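Mind looking over this structure? Questions follow.
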């Protein structure tokens, strides 16, 4: 149960353009809990050490089979137009090809598309060319109208993915192999977020959408073989796959094991081949176990502590700064998460900065973050006139590192003469509580968000005033044009302009601390040693990727 | 009254209890503070129109008693409502998950009965012997140890350390062997047993220990019965006395306890299914609770209570069948 | 027995009965003392209760706040027993230490430390307080509720009895763990804690107690002195409270003792699933919940609370066995 | 009457080994049963009668054990000890093994009718089934024949519609009917000796009368011997040929029934007789026996009856009287264990009468198991 919140890890990452789903805040992908290796002083292994070079098998004519354990029950929606959870999408991403896809550095590459699109009208119109001769599993050819349908269906059908495609005014095929997509306004994140749309066959899908959802047909390397609701999904290699290379794996079976301890037990005991998400609590044990390897990758996940700026003591920026000084985030992350996460100093995870080529001043921001300084914290609180018996209520998803962090903050506050009322909540309750702005409900809350290579996902949803009471509960008013900057950056296609706006916004966040960035959890898998050439992908829903231009997973019997 | 009539009578008698359960779960589900729609939508952005639509869809805009009557009307037709979180009918969800739970609970019972009865009898026969002492201590451990903890320890020892048995899940005997890549029914059954063994022991230990203690006490008492003296005085061999004369009488309370303990076993299934990652009703219940999936929680509670009630009725009938003194039809 | 005499109101018969009951209890106690099983049960319970009482000095343990922890005097007096919730200062954390008999263990943390660097022995000891007091409190609640329901049903009979018994059958039909989880989660609005759990367990146990009390009341009800009191115009409430309940209580009390073990078991399961005590409260079930995440990396964290639960419940079971032997002459040795 | 008795019991001792001490439930009793005879074993509850009768079949339950004496049935040793080479007591070679006891003696040679008909029949089997089982076991009959025999026996003991009642369960029978079933059971096995352990105690008086008449009648017909265990002198008078009176594990008076009633030699027997209604006396003359019987775990010194004995003298506290022949009638000895008789010659007449208050609970030892 340490990983309860995984049950709500609904939103598939990297498709979060304008999504305003509070469920998204679950955003949790990585493990949780505490680290085994003790002292905060210890050198913590970098996640890059857990990327293993793949080898090629001697015999290339293979039909291996693989069992993959998911860390949560999928919603079992396998139609990407509808599917709204990472774990259904892990299956769907093997069945469907995207128009574009992200590589393991989260950089966008054309897949079905033939090269990058032509951008016109200052980013209001995009012309896509697609490759010829791509077939769906039923033998129909994939054409531009299928791509157009994939772009527009979520909005037309008001599925939960609608927000991602809401800015699209129209998507019209020009001919069988090219189409024009028109936006309502220039939309910065379009390139990096929206274009990675999985392409569905329009005819088959519209004929019987419900059947399609549980027996989907795509153009990807694997096709649906068997689906037992609540039990497992089995995919089999599509022998006529259009792209190179042909996977070595013949069958993949997806099952879920939400209990961390049990999932780890299964891979340690050799009852399964790969598990998704190595809990930080068991990291060393899994890492040290014979016959098991951890595969990890940085991810665009972002965990944070938010303050209630609407009511109560935390409306005073000095009180927020005091809390930030009262404990050591670095110590907590090293101790509890170890190699499973990196501390953050801005709302943007490292991988987002790098993959989008933003080159934000991450080092400078790190310098500016409040450091552990209990004396200063005490002083600030006294000056701010906080009552001596102040015990702010901190709410967090129960069980797992965020609750542990809340406890840690509480315990540190008590050391400087205050206290905290820590409430671990089930996720369902938490989403009903964290955005009321009511001081009786919370003075601080701990949540997370998973975005992608575009910063808008973080800034707009988590800071813009239009999202107050929806995806955010801090109600930060901002100095000057804080909110305008976020919106302007969103509705611009000029990356330099956007970068400057985001730097301003971030610096204000670091100064006024409506939110204290916490850490970014990595994407991890643990696989039996026999599983060769399997790479963790930064996007949860791309795991296990199995086959791509940089990997082709196989089993070394 | 015949056994058939008695059976019918007992089932009819259970109807008020089942209605009571539905009322109770309905009340509990509506005790929750907070707005049910918000909980249902889990904080997704919803427009007032959408809220109204959801309210209308679930009848949340109508008074409690009307909604209850609706729910009951559905229940009678086998419609237990709709799981908002999973967007599937509750009845379907339960139907797909009830099998593993039944398999688990029944096998735990089989394990408990097969072990506890002979052990209890031997302990009673060899009262105050070392065998008796050892088995009493084992039973004491059994009734004092949390089942889920036993489960955890079993996984660590037999699955992770020794690698003898699987650490999770079940193999369903009702699925075809090909589903699992088994070569035939024999292998299929062996695998079913292998998967079942640890969770069965974890869940069954408490039952085993409880039944063993009862069996021992009952056998001791039964062996002191006058009818045993009579049988001995007429030269009936000890074995026959043990297996027939004393045993049959001693089983009566066991039957009752087996029925009542179903309650513990069904509750324990939640824990065991959790620990062993078994896709049964228990785990579904746990997840429904975490997700505050109202209709699903109500549905599962109803079904589990119904299973218990039916279990008790079955044991009552068995009791009536074995004990000629029960005059069918008299309520107790 | 003389009925209708003026002395009836004086309650001389109940008094006699009480004397009988008292000597009955004395005999029982004597038998318990003679019974090895019961004696061992008493030792274990006594030990656990002593630990509980000892740690009760700290009053703010069950509150989920961090305030006033520094007021905790005992920690200063007894360096071994640090406060179970206190975290080590930054940089001092010796997290996940193995127990002392392990090569890497140390004497200062006999059972090792938890992932937060807290002394596990301290937490286990304090866990006794939470787990046992929760067990007792919840059982007591069930006892009180069950007594009320059972006494009313038994005394009034008729439709009141029918209604109450149907209600009780309904509650009884839902397995306790399920009922308690549903209750705690719904009533707490999704953020359960141990107080809801206590109430939930109390409700779930009403049926068993109510049934015993009811059948006792049914047998006591017809006794002459009750008839007489009724004839003398004593109020129903007083008859129930002063005469019926005291005279029906003995078997229930025995049963309650046995039930405490069951309660602890159920609450452990509840907390293990995360619906009972919440961290950082050192409750054994909750500790098993937390340590479940460390099942492979530090198995000791799972072993100790499990053993603690086992030993405690064993104490109650041993005592219960002895009590039953003492009270049930049928299977006397 | 043949000279060799059917059953001879000599100096039988059965003891119970409890935590509180050794209970000498049967403490050296001797008696004989001849063919066709009904021998009574009389005494208050706790006197050891039932233990004595169960000892005959070697069915004493743990922690009880026969520790001494000899039981001979038709020349076969049911129980007998001898001294081993190291002086320890061991079972004699000619003593029947447990298996032989079970297959050859119990049921087919010696049958038992138990005290409580309500509890004695197994509640979950049909009456006929139980009867048939015992017949099959003890008479080498096939199932079918046994069934026929069982129904015949049920008819014999006066159960109406035996074919139908054969299929019924014990709870469908009244107490008297059940006792008839038990009698049928005993007779059906065609034993030579039936031990009737208070067979009528649990029944009401009219039924008791019927049962006694029935036994009388059947005994004449089958010529079976009986050991009739009872505490009721009235029943004894009605049915027994000879009587043994037991007190605290000992037989204190033995005589043919008429002798016992008309020439009582022991004060305890006297007291027993005085405490029961008799046709030749009025109700006003009933005298309860003073006090209660002490427990066998620590019997009084000397004569065990002395604390309650109206004739007790100082010597009674010291001298433990053996059962001795004090008279003779019809060729049978009349034995009594009371020092007031001349044969004892221990100075009774000179001894000072004990001046004693009626002891309500004459030296009742602390609570403990009484071994019955």
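As written, the chain order gives the labels A, B, C and D, with residue 1 at the start of each chain.
Throughout what follows, contacts are C-beta pairs under 8 Å (C-beta built on N, C-alpha and C of every residue); 3 or more make two chains touch, one makes a residue touch a chain.
Owing to the predicted nature of the structure, the values given are computational and were not obtained by experimental measurement.
With centres taken as mean CA coordinates, the chain nearest to the overall protein centre is B.
Annotation: B-C is the more contact-rich of the chain pairs A-B and B-C, by number of C-beta pairs in contact. A straight line joining the Cα centres of subunit C and subunit D is 52 Å long.
For this pair, subunit A with subunit D, the centres built from the Cα atoms lie 90 Å apart. Between the CA-based centres of subunit A and subunit B the separation comes to 40 Å, rounded to the whole angstrom. With centres set at the average Cα position, the gap from subunit B to subunit C is 25 Å. Shown for subunit D are the residues in touch with two or more other chains, of which there are none. In subunit C, the residues that reach two or more other chains under the touch definition are 185, 189-190, 273, 292, 295-296, 333. Annotation for subunit B: residues touching 2 or more other chains are 34, 39, 152, 155-156, 160, 224, 274, 289, 292. By the touch rule above, subunit C contacts subunit B in their complex via residues 166-167, 169-179, 181-183, 185-187, 189-190, 261, 265-266, 268-269, 272-273, 275, 285, 288, 292, 295-296, 299, 302-303, 306, 309-311, 313-314, 317-318, 321, 330-331, 333. Remark: subunit B residues 34-35, 38-39, 42-45, 86-87, 93, 96-97, 152, 155-156, 159-160, 163, 166-169, 179, 274-277, 279, 284, 287, 289-292 touch subunit A in the complex.
Contacts from subunit D toward subunit B in the complex involve residues 57, 59, 61, 102-103, 105-108, 111-112, 114, 116, 119-126, 133-134, 137-138, 169, 171, 182, 185, 189. Subunit B meets subunit C in the complex at residues 16-18, 20-21, 23-25, 28-29, 31-34, 39, 128, 140-141, 143-149, 152-153, 155-156, 160, 217, 220-221, 224, 263-264, 266-268, 270-271, 274, 285-286, 289, 292, 297, 300-301, 304-305, 308-309. Across the complex, subunit C is touched by residues 1-4, 32-36, 38-41, 259-261, 264-265, 268, 279, 281-286, 327-328, 331, 335-336, 372, 389, 391, 398-399, 403-404, 407-408, 410-415, 418-426, 428-429, 432 of subunit A.
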